[in-house]
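First, the structure itself, so that you have it in front of you.
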Amino acid sequence: MDLYRRTLFKILGLTAAGSSLPGCEREVHNLVPYLLPDGDIVPGVANWYATTCQECEAGCGTMVRVMEGRAKKIEGNPTHPVNEGKLCARGQAALQGLYNPDRLQGPLRREGKRGQGPFRPVTWEEGLSEWVEQIRIHAGKSAMVTRPVTGTLASLLTTMMDSLSGRLVMYESTGEQTLRTANHLSFGTQALPHYDLANADYLLSFGTPFLEHWLSPVSFGVAYGKFRQGRPMVRGRFIQVEPRLSLTASNADRWIPLRPGTEGLLAMGIGQVLLRDGLTNLSSSHQASFHRTFSAISLQAISADTEVPQEVITQMAHELSSANAPLIMGGGPAAAQTNGTTTLILINALNVMIGAIGRRGGLQWMEPQDPPVDLANAGLAGERTLMDLAMEFEQGSRTLLHLYRADPLFTLPPSLKFEGVFDHAQFIVSFSPFLDDSTSMADLILPDHDPLESWGDHVRQDTIPVPAWSVSQPVVRPLYDTKPIGDVWLDAAHRLGGSLGERVPWHTFHDLLKSRWQAVLTKHDSPRSFETRWKETLQEGGLWPSTIPHHQISPAIPSITYKPPQFLGNSSDYPLYCYPYPSLGLHDGRGANRPWLQELPDPLTTGIWGSWIELNPTTAQSLGIHPGDRVRVTSDYGSIEASVMMFPGLHPDMIAIPMGQGHRAYGRYAKGRGVNPVVLLGPNYDEQSGSLATGGTRVRVERIKGGSQLPMLEQSGKNPVFGNLQETGGL
Amino acid sequence: MPQNADTAERHVVLGFFDPTTSLPPVLDQIRNQGIPDIFMEILSPLPLETALLNKPVRIPLYRLTIIGGIVGIGVGIFFAAGTALLFPLVTGGKPIVSIPVVGIISYETMMLMAIAVTFVATAINIAFVQQSGLRNDPRIDEGSVGLSIQVGNDTAKAHSISRLLQQAGASEVEIRTIASDS
Amino acid sequence: MTDRPTVWEEMPKINRDLLAPLQTTTWTYFLWVGVLSCLVAAGAGAWTFQIQTGIGQTDLHHPIFWGSYIASFVFWIGVSHSGTFISGVLRLTNAEWRRPVTRLAELMTVVALLVTALFVFYHLGRVWRFYYLIPYPNQRELWPNFRSPLMWDATAIFTYATASTIYIYLPLIPDFALARDRIHGWRKTVYRWLAIGWHGSQAQWRTLEMAIRIITPLIVMVMISVHSIVGFDFGMALVPAWHSTIFAPYFVVGAVHSGLGMVMIGLYVLRKVYHLHNYVRTEHFEKLGKLLLVTTLLLAYMYFAEQLTVWYGKVPDHIAVQHSLLYGAYAVPFWFMVSCIYVIPLLTLVWPRFRQWPVGLMIVGLIINIGMYIERMLIIVPPLAHPRLSFQWDEYFPSLIEFVILVGTLALALLLYSLAVKFVPVISIWEEKLGKKHAPKR
Amino acid sequence: MSQDLQATKEYSTKAASSYKWEMVVDLDRCSGCEACVVACHAENNIRISGEKEASEGRAINWIRIERYWEGDYPDVKVKFLPVMCQHCDDAPCEPVCPVYASYHTPEGLNAQVYNRCIGVRYCGNNCPYVARQFNWFDPHWDEPLADQLNPDVSVRSGGVMEKCTFCVQRIRSGKEVAHKEGRRVRDGEITPACVQSCPTAALIFGDRNDPDSRVSHLTKSRRGFHLMESLGTHPAVTYLRRLSE
């Protein structure tokens, strides 16, 4: 150990000398005296580079600390409007994507049967020419499934797929497709509003996991801090309604559990009370239609169905009306039912009733902006769209599949039969930097750089008060023989030649990026040269106006009828609702190859490095199940086995399972660990948005032989008693 | 008996007595031969209850013990207080020189030094003091009492003492001659 | 002179009897030593493995940072109190019956102390840096921190080890001389050195007796301080149920309790193996049995006082530990321990007839030692397993590596003792003779 | 005595100091999102324990979010308590170390000198906050994960105790900068990794000797309390009570 630091310095010093990175670096060769306390060590000098986090779609601005040519730490960019200098666990763990031991180190060609490997390293020339050859063979029959991308890369991919008459599908399992659909129907705009939590004084949230992964968790985190303690004399009050006490719910002043899928009904009840007691400030023209919509079901029936007492419903309505700046949000599990869109429309209508639209501390939209770079016009796809794609492959109208950082084989339930795409596709190319479950089915892998090695940009024009146009820059030299996906597509365009080559005359993605930004920067700020402005933009991490006018929305609340949620599986065979939820660290599974995130305790169960089944203790008792017992969870579509954790904050008719584990591939930390709960889910959709109702499957739980102690941070979890606080000063 | 003219010789007369024999009269006879108590020694397999010989004690052992103890206290104070003052690091809000600690450490080092010094003094006493130049005789431990008399290089005296012992009832008498500087 | 001729006449027989173990060795002895050596080798292998791979080979984990090694450390220190207590306290009180027992007990002291020191090394996370504990200034002119109870411990144990080695050696000098004259071969040379020219002169006897008289009270004081300081290791800590004033005296009494139990075993086994019935008589067992009864009652009284205070005070931190003992995760070992060290000794030793039965007393000694070992574990583990932040509550059970090391070390102790028996007369020959001389005729 | 040694002695022992580093944890802001945990791992080269060691209760966290359940369904409440080394002024862990691996700096930090530590683990027992973490084995990073390691922070070998340092390397470099510019460290200029990352700004760090620092103001808050105040350890971390109905 004593020598480790010295050798580290030595090694890093050498690599730094060869580094081509911008900025001057001072090499540090101090020998650190053996017995010197750490406080005495004079640290070396580090450089910080601004870039953009790409771990989720929020697009937080980051600063990467680079010493001796190695990225050391990622922190939030203090000036960035999304995250204001803060960063979540997943964003910080992006370093373990860069330095992941299981990264693909160069292009690979499949040798054996598809899906069984082995892969043979090939040169880029071999790989690219084979791929271009395949594009030619499958002319007009290309398709690409990618994680959601924005900005220049999105426009390049769109252009390319357009030119090849291909189909571009951006998919994200937690893409809140339902929310977008509901908002479109309610407010007539594609853009999501900015929920002005920081200035609200009362928050009623229907299931939104805004402190975990919903939309932009870091900006919500920042706002939540202000909501609670950021203003003198005002402390925001927060009510969360959902069947499982999530991390977000655990922060609420009051958690109101209800029967899964009845969030819309509860919203209807609250609206009913608001209307009944004349607590809305709706225009008289609206009154009638609202009355029609909200009085369809009696409060008594609502209370019985939701299991929320009438007086609680009334109380919530009165609290909403007496608050100065109440705010209502809906999403997460509330949207993950067959009636998700309806539920969210009802919630939106409640926001209209309390006058939250466009209000400070309410829902705000910014004036539509002319983005500096194209917004992707492909948009996000729901599961239905993927099913359409699968159909096209089955019919043979699509034969060439491209994958980019999307793992549909892992994130989609097998009951959706998406693996048919992999059976029918004649050739599969993946640009993913890891051998994930889907990429291991590929014929050719052309691995992308890590985001920390790449140029790029990110456009964010909703859910925050001002638009954020962020840039990413390489902060370290590429570790391996990988190529950025943009370069690869441009190369392909030139190889394919013809009009395509003319449409994209750039040779590298960096050139393309700069040319896009040249247009913007010269437009926004003329006097100085582009190069100066570009460098400043890179230093700052992007471009964002300080303020922007609000866009006035006139809500169009459609007259809707409440639909009860539909569940797959009858209640006698399958008595329990199944709720798979994205894990805080691993999210939908993409974090599973980062040891930091595997070792990051789930905040509520404190489980690490594995999967578990959460059961309400009373339910467990009635089933004769004890903590740590192994159980089998079965639905009509599949079954999984895992150990049980007691979870007092769970609706007794429900089980919850974290997502993110159960990979068949994806590197040493993820492979074969835990179970993937999506195998339980049946093809149950919210028809309006076309997204999968992940909460719409029923299951049964039975105890099986065995049982093992789950790795947990909480040691007392090994005892059947739950921890209680002692001497913490009345915490 | 080998004789060596180059070195001075000493004669030791050793008589073995039955333990029931009363020794004081014998000792008196030897004293009358002009041999002082310091040249006599009684060997026994057990400590005898009464001191039959009158020999001066140079330094009482307990005094050395006390000196050792005092030195030990000094060592303890140095360890517990001195070393802390040499590099005064604060730990847990405790004083640099904590009196109870000094007490505990000094107590232990005091005991250590006292016992060690006592032991060393004892060992030196046993090993070197008043050596008669005789090895232990196994017969003593078999149940007899030995009386040894150093007579210097006076061979005639040795023989007369030897006779005297035989007359006094010694079961066996030996005269041993030892090269004094060997 | 009031000597009884019989004592003097018996001397050749006493010499023969008591030196016999040194002179004759049976094949069973070699077998025994062979088996022990294998166990020791296994323990050494396990320790090597632990050093190579890390202290994590134990089942220790936070917040239970101390476990079986420290428990064994405390246990063996306790065993070491047998010799000092019996020969020291009984010598001070002039209890004549001590004579055949002292040497055997003192030998236990020395062996137990050697073993005790080993446990400190097993326990260290970086044992290869053990010398940081030695009081000398390092490169940065920093000495060890004597404010740490562990340094008190180190000082005290060093003192105790030195003192008890001296204390067993001094009365051995005449016996070494005896052996020197009667045993041949390489051992003769060693005995010659160790006998430092002893020839039984009155001057030597006087010096020796004086030295023993001076050292005896000192070593009793050291003994009490040593186990008090071991108790302080726990008492000084803020850990719930450790932070208690009774720990120092409780540890001293507990040590004597297990030490006496161990002497009972040793006495019985040695008497049986070396046919020492003439020297170790039922009378000795009975006396030891009475002492054991006293320590049982004393220890039970202290334990009760300790637990009663916790129970009545109802401080949540402490009560959590007590609950885990009385009816929680540690209830089974706790009640087993209570039976072993309090109930069984009390119910048996109160019967005068039982105290006449050496086999029974030996078994009680064994039970007490098993119980005391568990008691050491229960002193250390449950409080650590119940820190004030209940989020961190945990359990602990020694790992296989720990067991192998513990067994290997027990074997080492037995081996050292067995080897010592071949080198040192287990009954102090001259003291036995002296005792016979003083004893009234039957 | 060499100059270097002289400097060390002065640094570790000089009586009066111009800074006193303290932290405030606002439980009303803390959402339990654990961004601090990863930030700490990244900054301080905290080992990756892996599933086996983690299941043995040996995962190392310098800061952890303790979660306490209260009540039964449906009136269940959860309380989060971020616990890190409290840098007690009268730290129970410090005096028990026989080799001075743990000591108190004049700036109020509870320092742990890894190279001195021999792993007796007494300090770990004696910390009522269970803040001290032990390396039961040598750490291991699969290549090239070790490229991420922070060169300002030592990698701890097996057999060594470690714990939160308040990111002493950041304090040190912040002080260097201030010293070069001939001024005191400004409030908020030095942020430990956890404080820097905390989205809800539940963690606040600063100089208690500066009466205008945020930490100085917040510690006087009526919501303030110390963990296990009755033990008299005088922690440098002040918690602000979470408000509830």
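We just call them A, B, C and D in the order they show up, numbering each chain from 1.
The rule we apply is simple: a contact is a pair of C-beta atoms (placed from the backbone, for glycine too) under 8 Å apart; a residue touches a chain by one contact, two chains touch by 3 or more.
Keep in mind the model is a prediction, meaning the values are calculated, not measured.
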item	value
Distance between the centres, which are taken as Cα means, of chain C and chain A, whole angstrom	64
Centre-of-Cα separation between chain D and chain A, whole angstrom	31
Interchain centroid distance [CA atoms averaged], chain A/chain B, Å	90
For chain A, residues contacting two or more additional chains	34-36, 714-715, 723-725, 727-728
Interface hub residues of chain D, defined as touching at least two other chains	8-9, 12, 57, 66-68, 81, 92, 95-97, 100, 116, 138, 157, 160, 228
Residues of chain C touching at least two other chains	63, 140-142, 144-145, 147, 151, 388-392, 394
Graph class of chain-chain contacts, one of line, ring, star, complete, other	other
Which pairs of chains touch, using the document's own definition	A-C, A-D, B-C, B-D, C-D
In the complex with chain D, residue positions of chain C that touch it	53-56, 59-63, 65-66, 123-127, 129-130, 132-133, 140-142, 144-145, 147-151, 154, 233, 236-239, 384, 387-392, 394
Residues of chain B defined as touching chain C within the complex	18-20, 22, 41-48, 51-53, 55, 61-62, 65, 79-80, 83-84, 86-87, 89, 91-92, 94, 98, 101, 104-105, 107-109, 111-112, 114-116, 118-119, 121-123, 125-132, 134-138, 140-144, 146, 148
Parts of chain C lying in touch with chain A, wherever the complex brings them together	63, 138-140, 142, 316-317, 320, 329, 388-395
Residues of chain D that touch chain A when the two form their complex	4, 7-8, 11-12, 26-29, 31-35, 37-39, 41-43, 48-51, 54-55, 57, 59, 61, 64-74, 76-81, 105, 109, 111, 113-116, 138, 142-157, 160, 165, 168-169, 171-173, 176, 193, 196-202, 225-230, 239, 241-245
Chain C-facing residues of chain D, complex	1, 5, 8-9, 53, 56-58, 66-68, 81, 83, 92, 95-100, 116-122, 124-126, 128-130, 132-138, 157-161, 228, 231
